[in-house]
Amino acid sequence: MAEAHPVGFQWVMEAKARGATVIHVDPRFTRTSAVADLHVPFRAGADIAFLGGLINYVLTEGKDFREYVTAFTNAAELVGEDFADADVEGVFSGYNAETGRYDPISWQMDGAYEAPAAGQRDHWEPELREEHAAFTSDTAGGVGDQAYAPSDPERDDTLQHPRCVYQVLKRHYARYTPEAVSRVCGMGVEQFLAVARAITENSGRERTTAWVYSVGWTHHTVGAQYIRAASILQTLLGNMGRPGGGILALRGHASIQGSTDIPTLYDLLPGYIPMPNAHLHEDLQSFLDADAAKTGFWGHMDAYLVSLLKAWWGDAATPENDFAFDYLPRLTGNHGTYGIVRDQIDRKTFGYFLVGENPAVGHANGKMQRLGMANLDWLVVRDMQMIESASFWKDGPEIETGELRTEDIGTEVFFLPCANHTEKSGTFTNTQRLLQWRREAVHPPGDARSELHFYFHLGKKIREKLAGSTDDRDRPLLDLTWDYPTFGVHEEPDPQSVLAEINGFDADGNHLASYTQMKADGTTSGGCWIYTGVFKDGVNQADRRTPGAEQTWVAPEWGWAWPANRRTLYNRASADADGKPWSERKAYVWWDEESGSWTGHDIPDFEATKAPSYRPPEGATVEDALSGTDAFIMQANGKAWLYAPTGLADGPMPTHYEPVESPVANLLHDQQDNPAREDIDRAWNRLNPAMSETYPYVFLTYRLTEHHTAGGMSRFLGYLSELQPEFFCEVSPALARERNLEHLGYATLISARTAIEARVLVTERMKPLRIGDQRIHQIGLPYHWGSNGLSVGDPANDLLGVVMDPNVHIQESKVATCDIQPGRRPRGPALLEFVESYRRKAGVEPGGIT
Amino acid sequence: MGVRTWLGEWPMFRQATGSDPLGRGAAVQSPRTRALEPRTREADEVVKSVCPYCAVGCGQNIYVRDGRVTQIEGDPDSPISRGRLCPKGSASTSLVTSPTRVTTVKYRRPYGTEWEDLDLDTALDMIADRVLDARRRGWQDTDDQGRVLRRTLGFSSLGGATLDNEENYLIKKLFMALGAIQVENQARI
Amino acid sequence: MTDANPAEMPERFRGRGRGGNREELQVPEAEFRSYYGRPIIKAPVWKNPDVPLYLFLGGLAGSSSVLAAMARATGRPTLRRAGRLGAAAGAVGGTVFLVHDLHRPRRFLHMLRVFKPTSPLSVGTWILSPFATFAAATAATEVTGWFRRTGDVTGVAAAVVGPALATYTAVLFSNTAVPTWHEAHRHLPILFGSSAAAAGGGFGLVFSSVRDNEPAARLAIAGAATELAIDEKMQRDLGMLADVYCKGRAKTLMRASKTCLVAGALGALVGRRRRWSAALSGLALMAGSALTRFGVFDAGIASANDPAHIVVPQRERIRQRQASTETATTPPDRTFA
Amino acid sequence: MTLFDAFSGAASSLSGPLPDPSADAGWSAEHPKRVGFFTDTSVCIGCKACEVACKEWNLVPDDGTDASDLYRLTGMSYDNTGDLGASTWRHVAFIEDVRPHGTATTGHMPSGLPALGGSLPRDAASAPPDGGTVDLLALLPDTGAHGQQTPDDERDVRWLMSSDVCKHCTHAGCLDVCPTGALFRTEFGTVVVQDDICNGCGYCVPSCPYGVIDVRESDGGAHKCTLCYDRLGEGLEPACAKACPTNSIQFGDLDELQAAADARLAELHGRGVEEARLYGRDPDDGVGGDGAFFLLLDEPEVYGLPPDPIVTTRDLPEMWRNAALTALGLGAAAVAAFFTGGRR
């Protein structure tokens, strides 16, 4: 955190000054470790073993916060009898070895089918489940026809029933003993126990523990399950929805949170509404039936979606045409970025917009990325600097090796300069869901324009070109609401008008104040329901800047947090079942008996006047179906899920699988790696075999404080480049001895993809680990470099292959294997032969560009 | 400048006549030093902004003079950052005033070996044509089972996560209307 | 170094913390810690040969001016003429080198903004300026034959200032944080003064007739002898800080200087009366003087670049201070040598 | 105060404690309080925001003389700036300190401890200033009769970071030796170079006991931290202190900073961080105390700081005396040369 989010880290340091214990669990000793109370080094990719070990410790030692667990979680609910745990084998029931996918029907609770609040939805259309399982990667299969029946599952509030979630969980993690954790992770038993004691002693009524993670948890083939494991632990310890608790994702880009909220992601519509999959005879209602829960706040998905459709297609969206629901294109599988690149290489897709993104450096398997771009008809790059992704046809690594020739690359490239953050107004959504409005300070120079300008005018041009078209496929374009007011000589669209559209309007054209005002009858509009309220009262709430010193510590008047300006989600859980704070120290939101409403430091994430004693009547739906203790209001049953009967593609409980490229066998289960992971098996994406002697070392990629991701915003700046001027690898003295690496000399790193060179930093901060009988070396690789800019070097990401998490299709880039040798890498075609010789030795099929 | 003034500005004279005989402070201060003031004081306006690097969302104050950014500093009002910035955030002035920044359209024709210049409007028009062409070529009305797809796979987009919400919104909206499902983002990476 | 017994430390821990030149270390290795062996203070950015030559010329001019005035008084016309020209040439040449040494030479006159007794360079400027004026005026009367009486007066004035010009440069060097210079602040004035005597005397030997050159020879011999002696004492007193004189270019320069001084002094002693040997001796003495300045300059650069020169003496100082606090004696807080 | 008084040291103008250096430099009684930096390295995370913020504000050029020199790794941990200089007014040092296991509890550090106590002194590495390669391996401890290395996982590491800056000494060598008055003491008690005056004589460079100030090749002027003199007048804090994410760099009135530092030191000692110590805090030290002082977690020299700096001008009166006497001696010798032993 100190490395990549230094200013956020001030609060950690402040907590530390007030007596908090800071524990840093990281394979590397970083600048965070340097000021932590305890640094726990361990093997990259072993996080679930570690977290599972902590869960096991909590359960076997009875350290869970029992009142919290019984009040707010599904611990007491019984899992269906069909469920079979992963156990020694490491595979849950429902796995289909042929398709490599799970059918989650056997994971269901006893007597109830619950819709997930996120993740793998659209499971519920009976006649389509087999088709789904066969060829949609998004859907892990369907379940039975009782899908819509909201019913309470069987439960045992004593938590003793062998099939209750608590016991299932306990059994699942029983094998994750401290000794097992020590063996798998390479950390000492005492070290593990120190962490276990620290977090359990620091959780409960009086104290809370927070977990903070970044892409070190998400860049794995089991990434989603890493986060699940942490959420199970935090829920058991009662650390969710409470001040000083939570699982905090430190996101790495100014508005990457916003990019998921208003997603430029293929599988989502704004506000986490799933994109519709292709089905026979699907209409709006059947989509909602399949994707939306009937209870909890997702029960209003109809209002959110209809308002969205109204925002996009205005008067053309009518009850008669299902509010233009058919205008939305349909998914049939994985169209994530790596699949797109595969299709580019296969010449199935022809054009590509790169908008402030530099995949030639920043994405796993750079060769694959560049090869994709070289096979396009046209490429539009919008950036401030001449990044590698714009100039790959000229100076990419494949030009040097002769794999590609400039004269043979047919890609037409448009480089359009873009405006920077001072040259346009708009909102970023930061890592804590806070929208902050930036005001334009200066006009962009030359041809530089904002993305708002570019896409607005591109849309206008396209609509002009199609004007008068009678082709049905052009209706969505021609009916689109696309008339934003513009200003200035460049006709810049007014970003406030866009934000206002996102916020939404009622039938009279008034700004909506809350998503609870949204209706499914077409009388309201709103582009992203979770952002509704950001333009409450016609005021740009994201532009509020009451100084921090002039308001409470929660600072509700700085910017605007979704939803409804709540700063901590599910904060109803900061009070006990009766609505009283768990402790004075940790009071945050509580039930005020006198006024008959929830109150506190934050805006309650709960219906304001629903008393703790409220119990839903039979047949209640949406929020009415949630009781006064159901704090997790987006969940269909209002409970935090210790066991996830649905929503995940790779199991209801996190299970330790080795990274695909691992130097060791899975010591906890027979199954070596995630059986449901996604591969791209192509010559340009060869994988190192597990436990390969040819590629014996683990490497991990990361950022440095002094640079920013793929370097487009840092490698071109002198003040930053001089601080970290060259690409380097970090190795332990032991590895340096083993491979004759010289400090400040060059090393060549080799994987089945390619070989790259880096300067060597020999440092005691890298530690070899003992895993079983093996000594495992880990190599650190900051990934910021490319061929352009002031500070140059080989891209570390070129070393990586692409293999993905099945839930979110994110690549495993935080751990892989390689070899390392002293000296510089071969140049030109010799590099290809060098890499091929390694593949031969490792028994990997021939690779490269074929 | 009269002799008196000149003499009065001569540090030796001030050494001899003033309170700084050793010539270490007040006596040797130059007129230019005396007139020194922070360049932020000359700013025409101070614009509230947010750091464009990571997602902590530190507040920034942008100092502008004559339509140019002269300084970017942390916004002390921000309850998130309290006026502080990391090295990248502190380099924001360099970022926005970078001399290597490309500010005109560059065009590489198919099989070309060099960049060419292109008018922005022409570029936009060419891109619109290419979008429509790729959309047509990649169009799918239904799949082989007759399921309605109503989409195109002809082109795709990959956005960085430093885009504004409003920008992402327009991208998503336009692509959905085009039937283009392949919209992706750094958030996937 | 109070928290560990060096004897218990592995050999490799006891590095000098320095990259090169280990082979020439003649002093016992001292244990010290440093930041990657990097220098702690900054070495002078003064230019070479500008500054050593300025020092040499200043010394030559200063002593020559006295010789000239005395020669005028005692009726030694060739020595007078040589001294006057030497003083003027030294002053003008020195000024040129001093200005050239500046990284912003056009601002030379900024030196005249202030008079700072804390700055040897400021004081030196205020010495050099009048001296150069007097010496140049004197030399002008000498050459042209005009205003001889005025020339005699300015000659005396120059002679009054001259010795200061010759010795202030010692303060210039020793009033720095460069250990080998600073800790020699008792020796350097004598070294530079005697070196100036050798240079001025040598100049007189070269350019005056054998009839007039005896005072020059005496001054030069005395200067050379004193210089050799004080150099010896300085290096002894400097202790480990003298190691910079025992290696690298400074070692070569100082050895050459000694050779020249000894040869020149001997030559002056026995060969003063022959024009050619007097001239040769004079040249040797001047060379010796110049080489000393170059040697001291180089030694200072090497000292500044050696973190051991900062850390070891300062640690020792701290140790002695602590020891004296414990035993209630006066702390020897300045010198460690 | 007369020139004579001042120079003779009677007014503590050259060394020793000096409560008000601004007044000593002729500023009137209404001058502002002395300001400074307290850099608490125990909370430094080595982010280098200070380096960048300083350069952005002061428009300091990239460091190094040419491009090949500029963007080169030094191999000194994450420090690629090397040291303070004309174009580096804040410099963050990184020290990777290794000690064998057992000098502290495994991996356990008391709360508030950035590192373990009780260290085996050593150089972090030996990087020659000329940029050659460094043999880090040679510095690793040997154990055992057969030269077996201590297993890597049985050594502990701590990583010290510290943002160095001009000390703005009470008795500033650079200021005292400056012959033009370019360097001067401001009304805030700080030491600043006036670039319009400096003629690049370079005297300040070797006169700084900390190796702070240097002459920049590109413009020939001497440069160093100004403590953002231009900002102070407007009531703004210096750019580095403002940016510092963890408040490792604290700016304020010197007396308040000293009190804060004393409290912090006591707190750390109370937590068992025995190796914490203040550096430059003591008005009785060789420079009369620093305007910018530090809390360090190891010996100063480990951070590249002199352990016991003394301002060179402390000895100046004696030097002048010696030089004057020698000058008299030289004059006398030259005169004597004309009389000794009569004329032959």
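Labels A, B, C and D are assigned to the chains in the order they are written; within every chain, residues are numbered from 1.
Criterion: contacts are C-beta pairs under 8 Å (C-beta built on N, C-alpha and C of every residue); 3 or more make two chains touch, one makes a residue touch a chain.
Note that the structure is a prediction, hence the values are computed from the model and not measured.
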Which chain pair shares more contacting C-beta pairs: B-C, or A-D? A-D
What whole-Å value do you get for the distance between chain B and chain C if each is reduced to the mean of its CA atoms? 56
Gap in Å, rounded to a whole number, between the CA centres of chain C and chain A: 70
Can you compute the centre-to-centre distance for chain A and chain D, using the mean CA position of each chain? Integer Å is fine. 45
Taking each chain's centre as the mean of its CA atoms, chain A sits from chain B at a distance in Å of 26
For chain A, give me the residues that contact two or more of the other chains. 6-7, 10, 705-706, 718-720, 723
In chain B, the residues touching two or more other chains are 11, 22-24, 27-28, 72, 76, 84-89, 91, 94
Could you list the positions in chain D whose residues touch two or more of the other chains? 3, 7, 47-49, 51-52, 56, 125, 134, 140, 176, 181-182, 197, 245
Hey, how would you classify the chain contact layout here, line, ring, star, complete or other? other
So in the complex, which bits of chain B are touching chain D? 11, 18-30, 32-33, 36-41, 71-74, 76, 83-91, 93-94
Which residues of chain B touch chain A in the complex? 45, 47-59, 62, 64, 67-69, 72, 76-82, 84-89, 91-92, 94-96, 98, 100-111, 113, 115, 118, 120, 123-132, 134, 137-139, 141, 143, 145-174, 176-189
Which part of chain C faces chain D closely enough to touch in the complex? 1, 3-4, 9-10, 12-13, 15, 17-20, 32-46, 62-63, 66-67, 70-71, 73-74, 101-108, 110-111, 113-114, 116-122, 124-125, 159, 162-164, 166-168, 170-172, 174-178, 181-182, 185-186, 189-190, 192-194, 196-197, 200-201, 214-216, 218-219, 222-223, 300, 304-305, 307, 310-311, 314-315, 317-318, 334
Residue set of chain C touching chain B in the complex reads 112-118
Can you tell me which positions in chain B touch chain C when the two form their complex? 10-12, 15, 22-24, 27-28
